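In what follows, subunit A forms one complex with subunit B and a second complex with subunit C.
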Partner chain A sequence: MTDTATAALPIDLGNGPFAVTTRELARRFGSTRALDGLDLQVPEGAVYVLVGPNGAGKSTLIRTLMGLVRYQDGAVSVLGRDPADRGAEVRAGIGYVPEDYRVGYSWMTVGRLLEHQAVYHPSWDAEYARELRARYGIDPGRKCHALSKGQSRRVQLVTALAHRPPLLLLDEPTDGLDHVVRDETLSILSEYLADSPTTVVISTHRVYEVEPLVDHVGVLSEGRLLGQLPRDDLYGGLLRYWADVPEGWTGPGELPGRVVRRSGAARAIEWTVWGDRDAVTRGLSQAGAAVREVAPLSVDEAALALLSGREAT
Partner chain B sequence: MKIRLSHADGRPLYVQIMDAVRSGLVRGSLRPEDPLPSVRDLSSSLRVNPRTVSQAYAALERDGVVQVRHGKGTFVAPGVRPDEKERPRLAREVARRALADASRHGLGLADLMTALREVEGGSLHGDGSKEDGR
Partner chain C sequence: MTDSTAGRLPAMKTVWIEQLRVVGLAIRRAGARPALARVLGAVARIAGSRRPGRQAMGDGEGGQLVFDPGEPPWGFFAVLAALLLPFVAWKGERRFGDTPLWSMPVDHRRHTLLKVAAGWVWLLAILSAALVWVTLTVLASGGTLGVDEVRLLVLDPAGAAAGTPGAMESVNWTTPWWEWALPFTSATAAYLVASTLMLATRRPLFWAAGLWVAGGVVLGIADFRDIDWIQRASDFVAWYIGGDSFAWGMSGGQEVWTLLPTFKMWMASSAFWIGLGLAGVLGASSRARNH
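Entry: the complex of A and B
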């Protein structure tokens, strides 16, 4: 089964160009379907956030794009290559922050680790690496095994960015970072995007932390996409309607939109609907509801509505 | 130029940036020919996607509020008359939000107008009621 059959929201982003695509991607671990017919489309230059609960398949997907997990069915293209047979070439063009915060090379100092990374990346920008290290307050003399979780994350971000890759795959990049460092990271990423054409895929279950950077959203659940669309489309098309309704109101027989989530009390409803704002408002009004307010949802709220609406049906 | 973005605001970030430029003009902190921050600097300080800032600047340019001069940056357009256009425009935007807020509470235009006059009168004459004390 592909995503089109189950998605509540659109998942087709058209003709591209795309930096990353998967087609009916599948991967099982034992009897668990980690990725279940996934059609990912990441436009070139997009900042694409992959939202979903723990276990939705986010990390498996990112590791598959890196060529670190073998897929069993479907097709994958990352910067025009299949990571399954050209993994090293694919990885050379990617800045990767893995879910696991341990940096490895426990015996090395951080300074030595960065030199080590530089050797593997001909495009390594040593001056930029020093600048990032300074902004993050990383001590180059510190041993890797003595890094805290937050310090490791910062070192991982430096190694991901300093070779100036055209594609960033960031798996829970703000995990373990305190408020100040998280804020600095957003600033660093903003500048990175302004300096060179870059495609970014961020996986997170805390979207609000990266939301101001995001322009595309994919909501993942049980290895499938529930929606994949530009942030602005989500903002304009998925809306929450508050309305006063008569006692015992059962709703319109038919609404020109898809109701993603229904909630509210006896005489006041709160519906989340995907559809044209005016048409949905008219539909509700004609059915006897007095629409009080219509408002867009944050990416976080939208993801929650999609995920919980799904559980309710 | 002071910009505060609110993610609870309900309006797209680029619209909030546009309004911040407009209110700078209305208050006089921004004047014709003044340079605006570069896309890189503004997106970095606001922690937003550079495209959001570009989108705001492009929309302001279409409205004739700013000029993008290639290789030099973005400037407030020389012919901008804030009092003629930007002031009423900003006022309409504030009014729209006030009406939406009123409607959410079940109030209409008449309620809002009455309350606005009362509150304004109260604060002008200093009647000391607590809700005007801000």
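Entry: the complex of A and C
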């Protein structure tokens, strides 16, 4: 038995300050709405993960924040500026890892590519770039076209971090990395965040890989945010309830929370509910269900629950 | 690093110099140096063999080398280089995607124009190097630069064909100074038009081929229907890109011309084609602002 409802998690994160905001952001490609009235709020200093299935609009959103895609409706502010009008200034403050893993000019050597990046970023930290290159084991004499997918990602991470930008936009940053390099990347990111006051937006559908870094979560589907909130609020508010119910039980009726997902078979039922834990537990008990266990969801599980609920409606 | 410089824009001069270096590297990577060496080698061989015939570096009287900058091979070389250069300059840039150029902290349109300008500077440098090489080759072999000759100008084509007296006029012709600039201006125009196609279309070769075929069809119709103004316009374009189409043939050892190019013609055609190319590049670069 499966029963779902669209969850309406919080979207408003309050008054900020925010490094990135969008309001009613819309972008269509032909008849497809890639971004559909999106209200993003990324607090300054946050590590914000954007979760969503393929085609949800994550990359379009990040490219819009970079000023690479022009939006059609709404408003965008990145580091206090509109990327459509002041794209150069916005990009100067962003370290960007694109979804596409091809690195810069394929005919350049990695060393020349890093020189090229340094020219464009007055804040380029050559010593830090060398350190990152060494940690990633990147050969500066290697031609960019000869890099593997994972090596290209590493070069992209070096170019994104080495000018020490106040904002990082990372589109699937761990894509193509093996376990060892992925761990090294997370370690580099952690150290970077400890050293520099930085806001990070990570787009991924492998949330479990970056979950230790994340403190805010946005769930995106079909160009709209299903919710955005601090990770701790997600842990505390979106919970999974396991309960035994009597024979012929018809359901709890109205619960004091929003049911994201309900599944189970026979007399053992599982609910994923956004709401106050005590109130939901009380509501289930009063309806005759015996709550056995209540547990928080990981960000990955929460995203899956929200997205599968959305897709089933 | 840096806190004070984080998020600061690069100086335009720095970006300009970097674009010059990047385009230069792209040209070198594309094998332009060996290609140029081969062209120059071919030029030297032609000079060495002193082959007869009408060409940019041909035989003058007494077998001496004469280099006329307004003659076809030199002009065609310049225009061909100009048409190919945008493909080299934009190598590695995904013009309709997340190109490295768009991701940099520089205004997209300005960045595009800087790259086009960098390619143009390299074009002029290549043409200048080739011109210097040819000039030195001609001078080293005891030849002369420019022509000083008598040309027969056709005043009445039908009468000239029938041998009517007075249908042709003898004109003393000395290579004017501006003919030395003609390959540069025609190459500039060709480079700007090719850059427009590069920036505005996803498949510039397809469009170039399409325009070429369309031009051929128009000329074919003009020829079939005997539409004079199209034929004249075609001659004019051919002259401008080094086609030398006003030269009609030879009569009594003298060149017969249907029209002798003038400074005004050069200025007008330069203004038209370079203006058209500039308008195209400026228009196409606006696309970069609005993906």
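Quick note on the criterion: the second predicted complex is superposed on the first by the 306 of 313 C-alpha atoms of A that agree within 3 Å, B and C clash if a C-alpha of one lies under 4 Å from a C-alpha of the other, contacts with A are read in each partner's own complex, and residues count from 1 in each chain.
The criterion applied here is as follows: a residue touches a chain if its C-beta (ideal position, glycine included) is under 8 Å from a C-beta of that chain, and two chains touch if they have at least 3 such contacts.
Note that the coordinates shown come from a computational prediction; the quantities given were computed from them, not determined experimentally.
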Quick one: subunit B and subunit C on subunit A, clash or fit?
fit
Is A:Asp276 contacted by the first partner subunit B, the second partner subunit C, both or neither?
neither
Subunit B versus subunit C as contact partner of A:Asp82, first or second or both or neither
neither
Thinking of the overlay built on chain A, is A:Glu222 touched by subunit B (first), by subunit C (second), by both, or by neither?
neither
Roughly how many degrees, to the nearest 10, is the angle at subunit A when you join its Cα centre to the Cα centres of subunit B and subunit C?
140
Would you mind checking which one, subunit B or subunit C, touches more residues on subunit A?
C
If you stack the two complexes on chain A, which partner ends up touching A:Ala295: first (subunit B), second (subunit C), both, or neither?
first
For A:Leu193, select first, second, both or neither according to whether it touches subunit B, subunit C, the two together, or no partner.
first
Is A:Leu213 touching the first partner subunit B, the second partner subunit C, both, or neither of them?
first
So in the superposed three-chain picture, is A:Trp242 touching just subunit B, just subunit C, both, or none of them (first/second/both/neither)?
first
Gap in Å between nearest CA atoms once subunit C and subunit B share a frame through chain A
19
For the complex, which residues does subunit A have touching subunit C?
63, 66-70, 79, 87-89, 91-93, 96, 98, 100, 102, 104-108, 112, 116, 119-123, 125, 128, 163-166
Report the residues of subunit B in contact with subunit A in the complex, numbered from low to high.
5, 7, 10, 12-13, 39-40, 43-52, 100, 103-104, 106
Taking the touch rule as given, give the residues of subunit C at its contact with subunit A in the complex, in rising order.
1-3, 5-10, 14-15, 18, 22, 25-26, 29, 91-94, 97-98, 100, 102-108, 289-291
Looking at the complex, which residues from subunit A come into contact with subunit B?
47, 183, 186-187, 190-191, 193-195, 208, 211-215, 232, 235, 242, 292-293, 295-296, 298
